[in-house]
């Protein structure tokens, strides 16, 4: 951390900064420059709270050199985190995992049909919401616990694993009981109470990037989960806010390379929310795998035109099938392959 | 709502859209154009779920003409909402309310000193966090219930009202017990579970705009609270994300005029988070009142350089005092005045 | 175009809107709704100037249904534009073109070495700036006409075509004389005087998307060139501004699919500026081709660590060579191939 | 400037960075830290080109401590720049200047009427475009030289000064001949060729902030003008791009305080473009003056509903008159006053 003093900062003000740094247990290195003095804080392990120094007299700016997170960083743990799943597969290895299914669980027939379809095309995890965060209180809010039971039934029949979202501590307890992977949605990425609870339950967590979260903030949110005891976090790029309304979001594929550089955690991509338009999903799924994503999460619905939510961005099953063949070929080009279920003879 | 068909949409696809609209209980009006047909949905009361039609065959785009919210809108209730407070004052009337205090409750001496200082300068509500949402798990997280007790003590001594943040359902129950106004922070603006709980408790709610929330989304979040039973919502502009890092956020003062045009709810401004720099707070506080804000919420600390959080954006007490005189004069220019406590002889 | 009236608009105000629409030569269709009346403008061919109606009494909003551009749209010309180049190749067909070279022409040895290297790896167009737009007046501004001469010499030796930037009318005349493709940079995307001049000269134009330009605005800028007489415009996604400073820009790959849907013009991708970091360029080049880009423009420098500009985002020649093999394989996966020079026996 | 090395950078790579810094004529100070070494560049006067070091082996990041501009900075010249105008008044002093008029010159009657109206309300500069940058090539492009003549006629009759936009070198020569202040529009803020030409002509320049320009980039563009010989630059905040489409732009009033902190140049505000809606302009004009703006530029049209451009954001003359009384009172509150013409008896 580098503390930049004002051009007219006094010797006493500089000494004040040094003293606070030392009182926090770090070493201080004042560096007089032509225009102003800067004070280096040496020994920062990523946990220094900048607010302790940025308000001191004579300080004009605090510049972060070290990253503000720790356990999620590559420097803390160089080798990639490999997250084991109940079916014997792993997220974060050479293989690219595909999670697919409808936005919401709507009925027994809908979810079972969807599960069979995505399994037939090669997905190994079924996605579908039982608890739905909707921007309008008047929109369909999900089937709740009934939805969880239907997901368990789909798993029992197909062998797919289950990923589904939790929105609050009460729902998390229910979801953690049933799901194989707990999803935390973009709108809750900085719901720190919920993140801490995620750290205290045993299931892997799929943490989606917030709508205007920097990559650094996404990693800090993952740090909350690790710091609370759960090392199994899967990150997810799902599009960020921008000024252009041509797509629902801007799908930030550079985030994959950046995150792999900064962290050992796996990161997957969600081109359905990343674009918001069914016709763009296959191209962006191909691009995500080409960019190095460790997996995909894709909305697929047996009848998108009848979906109760996100129909416009849900693939038809035959689109999904074609997409799977393309992304498989692209994975091969970069020395990876799509994950296939353990025991599968494909 | 206007459903735009693709240029090559078939008569059957158009009929399909008409049928779905009618099955939802609304009237459909197809309008053939030179390049394509559009279908109007007549009778939308703000609660039509666009996802039912946007995935239909032949549809290229859905355009919203009606607003997606209802009870918070000016069309639903033209006169401004006036929210009564326990001390007999009102938010949302001719008078401009000022809430002030430190970012966090840190100690008995700190909060009592701050309370006395802001009261002396004319604030009528004390702000300070007992539960703190911090982007790093290693930063100070607040004193919790002890903080709430200290706030109650400060109120008992000074007569100031209390506004403080709740971060989850458990904390909300505690905060609702003690506070006069419950604050929901920017990071939780779309924490819908928490918003529903806010609707079921009796205290007024201060709802801060999310970091990348549109005004429409902020109003939808307020709609969640109203729809759950609590009509007393105070909105708050506190700065939004932008590409420029010169300030912590971009303080969007136009949001005040826009919100007043769309909604009957009062809206206040938070120039402390809106700028992130102490030296800009007084100018932006003046600007906010000049722009028509119904109130201000300002970070003030007895010793900003010792603050455990947000010290760089906290005013010194004497700065706050000077600021109060300036904003008072500006309120007068536009036919308003600063709110003074009932029974005060100022 | 749909003109939304205020809820309390009078019959006279509605009649006023109808009258203005008819005076502009279009048909007006008033549609009374439950909350307000909307007036449809029928017959819009993409050239209606909204500012004529949005200021009329009683109008609250103008909604665009038709696109604001015309000659660049798919509806005007459904088949893709194929732009012929002097070496007999084409941009906009099945083949993916690669343009590569240093940010700036720095010396004869540098540009000749770079030209030989990128040609050896399969590029068919040499990129390098003679006139450089730099955000600081004190940074290297390019070699000017000497740079153009060096580019011509590199072409004479290697047979590569030349793309280079023009910044003003005077420079455009010089560049148009020498280059095979004229580049208009992101900062000049809305320099309408320059765009009109581009329309009056004969060379194809590579138009880069502005730093905060919507796709619609990029297409409107291309429309300026077509409307001035030049149909040969190549669009280029090169990253847009966002709130995250982890990368220089956010590389918006969805723009490729969106643009292909709206326009018949070819669009290429610039992952060098799109990311700003050498280590991310190959992954994003692969992703761009997987997403359907019609070409790539890549910064490569014989000695990036000695580059006078953009060294940090310039590939080493051997990195570029490896990247070319990867993107070639990805092009094959989606039924395309890298463009090879006419007469090449590769 | 601080060069951050990778954690695994070798001693040789660190020595390489030191050598390049010294070869540029600056002093290098390597600082070994716990996780990595950083190298300080001492003596930076704001003109170091970071691209020389950021591509060196072992470098992970370059952090700017000094500002990249020089002559425009407060550190170069602490006292505010006061720009003298031909009528004896000054921009940048205690008084707040108001420029007003229609978006475009449309006819003799329109511009003369507008001039009389804004003068009657207290404006001292007439604004109106003769050359108009329009996003569509089919929209009204301005009257050109005829427009300039009409502006000169309006000045002759009313005594108002003239500010009008130049879009290219040819137009600049014409505008510089006639206008008292030359305006460079937001879309040309980084048209460096045009900025250099502005530096070589004698009239003061009104430089509008680009749609997604950081404050630092705006100051660098001003630096281009100063470095080319013209010290009289007036900056202008006019709204920036954001994700919310509720207003045309986000009017960034914090930019005024930030700019006053960094630079000695005056900065005015344009609430007409900043909001895009007539009804919001007076509130934002009041806010801008409360925030410390050195002036306002306001669109006013005798008949906004007949305007050929920007009608929706143009004030009615009576609105402007009321606004002038309000902003005058607010200026007094902060110890300033509206500028009145020299010799005026008001």
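Of note:
Just so it is clear, A, B, C and D label the chains in written order, and each chain counts residues from 1 on its own.
One rule holds for everything that comes next: contacts are C-beta pairs under 8 Å (C-beta built on N, C-alpha and C of every residue); 3 or more make two chains touch, one makes a residue touch a chain.
Fair warning: this is a prediction, and the values are worked out from it, not measured in the lab.
By residue number, over half of the touching pairs seen at B-D are also found at A-C, the match among A-C, A-D or C-D. Relative to chain D, the most remote chain by averaged C-alpha coordinates is A. Centre-to-centre separation of chain A and chain B, using mean CA positions: 27 Å. One inter-chain figure worth recording: chain B and chain C are separated by 40 Å, centre to centre, where each centre is the mean of the chain's CA atoms.
Between the Cα centres of chain A and chain C there is a gap of 31 Å. In chain B, the residues touching two or more other chains are 212, 241-243, 245. For chain D in complex with chain C, the residues that touch the partner chain are 47, 49, 51-52, 54-57, 59, 68-70, 133-140, 167-171, 187-188, 190-194, 196, 211-212, 217, 220-221, 223-224, 227-228, 241, 278, 304-305, 307-312, 314. On chain B, the positions that touch chain D within their shared complex are 212, 214-216, 240-247, 250-258, 261, 274-275, 279-280, 283-284, 286-292, 326, 329-330, 333-334. Of all residues in chain D, those touching chain A in their complex are 2, 4, 7, 29, 31, 33-35, 38, 40, 42-45, 63, 65-66, 75, 212, 241-243, 245.
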